[in-house]
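Everything below concerns the one structure shown next.
Chain IDs A, B, C and D follow the sequence of writing; residue 1 opens each chain.
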Amino acid sequence: MIVVIQCTDRVGLVAKISGLMAAENLNIVAMHEHVDKGENMFFMRLEVTDQPDADLLEQKLLQLLPEGAIVRVNPNPEKKAIVLVTKEYHCLADILVRNHFKTLGASVQCVIGNYTNLEDICKRFDVPFYHVAFENSKEEAENNLLNIISQYDYDYIVLAKFMRVLSPGFVSRFPNRLINIHHSFLPAFAGANPYRQAYERGVKLIGATAHFVTDELDEGPIIAQQIISADHSFTAPDMMKAGKEIETAVLAKALRMVFDDRVFICKNKTVVLE
Amino acid sequence: MIVVIQCTDRVGLVAKISGLMAAENLNIVAMHEHVDKGENMFFMRLEVTDQPDADLLEQKLLQLLPEGAIVRVNPNPEKKAIVLVTKEYHCLADILVRNHFKTLGASVQCVIGNYTNLEDICKRFDVPFYHVAFENSKEEAENNLLNIISQYDYDYIVLAKFMRVLSPGFVSRFPNRLINIHHSFLPAFAGANPYRQAYERGVKLIGATAHFVTDELDEGPIIAQQIISADHSFTAPDMMKAGKEIETAVLAKALRMVFDDRVFICKNKTVVLE
Amino acid sequence: MIVVIQCTDRVGLVAKISGLMAAENLNIVAMHEHVDKGENMFFMRLEVTDQPDADLLEQKLLQLLPEGAIVRVNPNPEKKAIVLVTKEYHCLADILVRNHFKTLGASVQCVIGNYTNLEDICKRFDVPFYHVAFENSKEEAENNLLNIISQYDYDYIVLAKFMRVLSPGFVSRFPNRLINIHHSFLPAFAGANPYRQAYERGVKLIGATAHFVTDELDEGPIIAQQIISADHSFTAPDMMKAGKEIETAVLAKALRMVFDDRVFICKNKTVVLE
Amino acid sequence: MIVVIQCTDRVGLVAKISGLMAAENLNIVAMHEHVDKGENMFFMRLEVTDQPDADLLEQKLLQLLPEGAIVRVNPNPEKKAIVLVTKEYHCLADILVRNHFKTLGASVQCVIGNYTNLEDICKRFDVPFYHVAFENSKEEAENNLLNIISQYDYDYIVLAKFMRVLSPGFVSRFPNRLINIHHSFLPAFAGANPYRQAYERGVKLIGATAHFVTDELDEGPIIAQQIISADHSFTAPDMMKAGKEIETAVLAKALRMVFDDRVFICKNKTVVLE
């Protein structure tokens, strides 16, 4: 069982929490905590071997903790995810393979694409695919997205190389639930064509950034980033090709962390209790 | 103030320890712990803002903890180190520079070399240098080492590219206090001429390993390791040259961790609470 | 068009070769060469935009070069590969996805497994799967392998986490054509259970090695290696899990290099002209 | 002997150049070339074992090459450098150590600081130190800099954590000769306080960039970049501390490349023939 806590920091919080766990005869097998001094916030993730009454434990924890605490006891052990894509297959295929072999940590409910070329790979893995055209009105397209999404139960929506900018109105419906992979080391090269930008700047590293989506384009809390080396011999298409490997790896890492209840959001940053 | 604890694992240890800290009105600003399930061992490092009576707190902690617990309250905030070298300057110079600018986390008491070419750099930093020849009898040489070492107060002896194999008798006098940098990714290429071995095997990575020294050559607990890429264009001397950069970085990292009381030894492994 | 040359080194080889290309009005768009001084061997890979008579150009090059030169003009632009697996899906799935989207640089002819659990994923991608049991006689099993392999045209056989040791007799039939992914940073932890070995040695890095298979187990020429960090919190299963990510990446990199005619074998090493 | 060539690309350039070398009986031991298709530019670096008449060879090469070619035969094998610093010691000390042990690839002529605290370390290595105050007029300070610089022979001026922005007028006097280390992964976090910016953005990587200085702040051609991981536990000072290690390593790498005649500038990018 996993217990996740986020609250204002106080002296003695760890003692109180671990004291309660001991009193309840719960064996803590893993405990990670972090205190953000600047924000005076406390974050904790516990793994407990036993399976007590989750609601009761949550109540007891809330009584113990400062007002406003967020406590989740045994959050969905397996998350549900909806995936949005455009044309590129690499992130989607990685997700579908892990989903198929039950190592994603979430079950993919459906895939929605603004092109149809990725329908085939979804069908091969028995995952429903929907096409929503974005050529005409964005408003209409987003309404179509909402209609499809509303048919499913989900915890997260993953933008797995979804290359359309969603409107603030759409984004605001899914706070802390929209995860995007951006093909650069943010904040460098935000916006369109990051590989072209990187090529023109002559950088020696290519990056990728997985982040939560907020109203401000490419400005949401960063979950994971990684880079690989590039050199003068890389054309912009070479950078794009090399970048796909790192995009796949970074998104996989971020999803593993999020689906395993290791990621906390604090203002515009994440705390990742690995 | 730093508190370091190593003991048999029990349910409720964190609660007890953090409870005591709260009862003593000590504000924990950083806490790292690890449980080795296989060995049933508990490791903890606490940073506390206040400065209580260290002996008294140590007593109280020992009463609280399982028998055989190792507790250090406020271990020397600045360590003392003796450095052994042969001919290569890169690790030594890095240590001397950090020592000089008070960022090493330890103060270098003296340097002992089995050649004299590094005497000059030591003098430039006002650090005593001793020459102990190893050409003739190893026994005599080690006795000379012991005589010099005995004149100093020290916590650790750092083999900063000391290229002589010390006898088991010598090593056994300094349990958990001898730190070596080995120029390969151990356990690959233990023993002599690791870069020659690496070259002949055609590896695509060059590594370095910082470890505690035990009786068995290159088999002691590993503290830190890192690698850099190599390719077919590297000759054995190229590997050695590139390796020096990584040796310097790995030893610096290991010393930072050890001197900051972040490294615990458990059988033949380390726990590094970064 | 690609031209690949391997021969004894001589003064003026580059001048001769590039002179011939200029005389033939062939526009070199990429040229990589390497000289192994120790072995006195010359390696070159050229990319030429034009499509001349391959046989004729090969003849002209052979006349120009020292005796014993190996020249391939326009080697199969797309290679053919047979994949051997056991139970783990990660490397196979990555290969099947790239194969499906035509980005592998080779076309997968069939997959052969000594278990049946990976048959399903092969079928989903319309790739033939064969089961060859290894429970009983290895000789019989290898004969069955040979029978299946003989039905296909192929350039390379990829051991994508194939966990049986093939006999020297079998291996010797496929010189420079058998590629294996080993789950450690070779030469560390050769043989069985490398993650268990790594766990017990307490290493701080986990590696993977792609190499050509020779008679001597895990001793063949290394094509690519990479590592990721580990720490004391990793159990042996954690290491295995983390290792799978790096195994997939390293094998993908090695296959990209091999299928793109960038890998030369020189005694027990590779030259990789990236 | 090293030969460095930069010119407009033409079919047959490599043949011509290597043909001339063969005709002159010069044995090429290393050859690296690159063609930038977009700019239609050719770059080559040759290492030749022999020592012919440099001027004569330069003439012959210029006759062979397209108009406007830049050719340097046997450029200063050891460069001369002037180093500018502010208060931080880490990059300077690394440079002074390598300089002292003759492994920098350049000899440090003098160090100029806008504070005096680094005078001591320079004296310890017998390197002249000058203090130029920047508190008052920048114009006056830059004039003082110019006066000191004019007393020395130099190939490059290295800004080793020099924390003052130099005026365009000053910069324009040293085209392609001013090398700076910036404490971020440019173009992210250009300008002042990059670690503060990085902290506030919540990035998961810390970078450093060595680049040539041009009129536009932090926009010059990038020579080398590298990163290390960070996480939520890093405060802005932690990032700065960790960043120093990577700054030192990146600047060392860049200087090694530049001093070894491996770096070519093409518009706002570099070609680094490693």
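A few notes on this one:
The criterion applied here is as follows: contacts are C-beta pairs under 8 Å (C-beta built on N, C-alpha and C of every residue); 3 or more make two chains touch, one makes a residue touch a chain.
Here the structure is a predicted model, which means the values were calculated and not measured.
Set against one another, B-C and A-C show the most C-beta pairs in contact at B-C. Comparing the residue numbers each copy contributes, chain A and chain B share more than half of them at their mutual interface. Centroid to centroid, with C-alpha atoms defining each point, chain B and chain C lie 40 Å apart.
Spacing of chain A relative to chain C, judged by their CA centroids, is 35 angstrom. Contact with two or more other chains is made by residues 37 of chain D. Contacts from chain B toward chain C in the complex involve residues 34, 36-38, 185-189, 201-205, 207, 221-227, 231-233, 235, 268-272, 274. Residues of chain A that touch chain C in their complex: 89, 93-94, 97, 100-101, 121, 124-125, 245, 249, 252. Listed in rising order, the residues of chain D touching chain C in the complex are 11-12, 14-15, 18-19, 21-22, 25, 27-31, 33, 35, 37.
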